[in-house]
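What follows are several structures.
You will see subunit A twice below: alongside subunit B first, and alongside subunit C after that.
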Partner chain A sequence: MSAVTKTMAVVVKDVKSEIRTRYALNALVMFVVTAVAVILFALRGDTPSTVVLAGMFWVVVFFTGMSGLSRTFVSEEERGTSLTLQLVASPGVVYFGKLLFNVALTLTLILGVTGVYLVAFPGFVIQTPSIFFITLFLGSLGLASAATIIAAIVAKAGSRGTLYPVLSFPVVVVLLMTVMNATVKALDGDPLSSATVDFLVLISYVMVMTAGSYLLFDFVWKD
Partner chain B sequence: MTLAVDNISKSFNRRSVLCNISFTVARGESIAVTGKNGSGKSTLLKVLAGLLTPSGGAVHYLVDGEKHQPEDIRTRIGFVSPYLQLYDEFSALENIELISRIRSARIASSDVCERLLASFDLWGRRDDLVRTYSSGMKQKLKYVVALVDDPDILMLDEPSANLDADGIQAVTAILDSAKKRVLVVATNDEREAARCGKRIHLGA
Partner chain C sequence: MWAVKYASVVLITLVTIAGIALPLSPSPQSWLEFPVIPGLEEKARNIFFHVPTAWTTVLAFLVSMYFGYRYLKTRDLEYDLKSVSSAGLGFLFCILATVSGAVWAKFNWGSFWNWDPRQTSILILLLIYGAYFALRSALEVAEKRAALSAVYAIVAGLTVPFFIFVMPRMMSGLHPGAQGDSSGSGPLFESGMMAANMRVLFYTSLLGFNLLYVWLLNLRLRIARIDAGLLDYTKGE
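So, the complex of A and B:
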């Protein structure tokens, strides 16, 4: 029970810190606005297919996430507080605290991008909401679990900005292909059962990534 | 509680910083770690606190005859150092509360907070954001954060760095009254070192 309390204390700290400093939120909002504006200029009023819309949706989510999710660990390194955190908390507490914060941030990001897409793209119509929102939820978990461990690795490196997307892409490519596939089904109005395999792949991805990251985190976090 | 350091070494790449260091410090005892700049005083304290893994040898804390790794008793370690930073975007009280909650899953007693903040002359600024503090005030707050959970082991790296006369007096009182703790002090100040019962000198 005390581990849960400590983990939640890390989450509360990060949420409060984010609200006050807006380390990640500003980067996320600016990236979404810029990316969607560029896409709108490029389309010149054309209505793209659901495949293209789903692809663009997750491209924006991926690159926006890459610009903001690494901040959880990078900001600790930059402020010199990572050693303080190492001293007072076990690696497991830090990992799950940061993971939960990143899940919350990713869910906020994805819901925000969804809102922007619904307004900006008339062709972005969610015909099977159940597939869409389950995909968003599982996609958030997958993206956050991958982003958390990669952020912890990148935070210790010198060239943080460039290293993060480079390391992330091979790790999340399976996730991106699956969520794009499921999103196309949601936009095309396919039945919920048609996305069962996609959901199973996403659940497996989240479980493997979270378990693997938890085991690896101790080595990444210390020294 | 006894700190037992057994033949530890620490190297960074090929550069050896610590070489075959051994000593023990029991509860109520204190040890001063002295040496030139770059001799490995801070590295030694990080190894003792479990922040760095030694390249060789071992660090144990003996509690009732049982050996514990530094990582296992991190909740019982208080550490004050120039490289351990607090959260600038939070107030002094918020820093104390959140670090205490993360460390021991409980909120620090308000009486203890008040007493410690008052002893370091910070009570009047308790609700101000730490980013508005001077470097000396931040150093004082680190003492409050380190002491608030009444740690069994206290590690001080350059204990009087940035402190004014009142702050140094408060630290001197801590050095003199550490009867119930294991106290490790890394310092180049001869007066601080002289207050410790034991001493280990690190070569550059």
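So, the complex of A and C:
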């Protein structure tokens, strides 16, 4: 098998296992609903500005992602399947398989949050869809690339639940600042060209994170 | 190492006395005359203490990353001791830079914290150091702790260039060199706003703080080695 088919096999395995157990997905959906409900209670019918809306959008995405994205590696450790995976696949294949699965999960999550926001907040109107969807795509790539390597680290450490957001936040904060910036532009109806700088930062972030994680993954994965 | 020790103490003492109490203008008319930087005035004296601590913070982080990388390559725990000793010092200097910067900000910009891009970056660096030590304390086995914390330090280090080079220039800020700064880009000592005497004192201070870092790193490393040796001894090795 070539590396690509092997990688796809890891993704398919993870997707199947996710569909059978709904390990991450159920928790993610409930987390989004709870978080948005709390925000709505806190606002009491107030109409927040686009800056606040864009900020809260990514806050919900970040914390939901933090509760679900670590599952990819933690579940392998908990079920005791990580040794088998080490035997049958090379670290690079495992890394990219998990990364692709996390990208798919993050994209689903972000699109879900977008749907909830469109319904729940009248002020959340996407005036420049091009900026918005490019930001969503690059944002989920970046979030997944950072989350995957940190999930791999956390899965090997003892206290998993609390450590994950603590380790992730400093690493993804550049990404969060940039996507929040770009989302405000999309909600305010700025032209596509105004967000070019943000896209360049996001693309370089994704490239740096993915390349670095790929090179370092060996040291985390093998005990 | 004793030369480094005395040199750092002498240089920092010299900088403290000269930076606070000596006239720095080329031909001073009065005692305490200070070469004026527009907008900073006398408060610019802090530059001799704030900037070197911030510089040492970044240096300590890079050293920590480098020894983390060496550990991953060689699996020699000695490198992990070097890495964590440097990170501990970086944390200390990071707190010093944050506090000295916040005090300066209070008197120059009006409040202790303004969410200036560079203030944001130093806060994130503090969080990285905090997360690094949280990760280390969560791991029991020395080899695993060394490998995972080295990987985390490198992953976190990958985002540092964004904070140092991208964010301050993309966002409007209050530090020199931020976007929309009328005096051009680049920190103060690049744009020629510092008088020659000031520049000499500034570089002396930088050297002093770097030597202080080297000395403290050596001290910490020796303590860490003894600690590790004691641990082996109590285990009966």
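Observations on the model:
We adopt the following convention: the second predicted complex is superposed on the first by the 222 of 223 C-alpha atoms of A that agree within 3 Å, B and C clash if a C-alpha of one lies under 4 Å from a C-alpha of the other, contacts with A are read in each partner's own complex, and residues count from 1 in each chain.
Quick note on the criterion: a contact is a pair of C-beta atoms (placed from the backbone, for glycine too) under 8 Å apart; a residue touches a chain by one contact, two chains touch by 3 or more.
From a predicted model like this one, the values you see are computed outputs, not experimental measurements.
When both complexes are overlaid on chain A, the residue A:150 reaches subunit C alone and has no touch with subunit B. Of the two partner chains placed by superposition, only subunit B is touched by A:84; subunit C is not. In the overlay built on the shared chain, the residue A:212 is in contact with subunit C alone; subunit B does not reach it. Once chain A of one complex is fitted onto chain A of the other, the partner contacts of A:93 are limited to subunit B, with no touch recorded for subunit C. Contacts of A:5 after superposition: subunit B is touched, whereas subunit C is not reached.
When the two structures are aligned on the shared chain, A:16 is found in touch with subunit B, with no touch to subunit C. 223 are the residues of subunit A that lie in the contact sets of both subunit B and subunit C, per the superposition on chain A. In the complex of the two chains, the subunit B residues touching subunit A come out as 49-53, 71, 74-75, 77, 79, 83-90, 94, 98-99, 101-105.
Touching subunit C in their complex are the following residues of subunit A: 146, 149-150, 153, 156-159, 163, 166-167, 169-171, 173-174, 177, 197, 201, 205, 208-209, 212-213, 216, 219-220, 223. Within the complex, the subunit C residues that touch subunit A are 72, 124, 127-128, 130-131, 134-135, 138-140, 144, 147-148, 150-152, 154-156, 158-159, 162-163, 166-167, 170.
Taken in their complex, subunit A has these residues touching subunit B: 1-3, 5-6, 9-10, 12-13, 16-17, 20-21, 79-81, 83-90, 93, 222-223.
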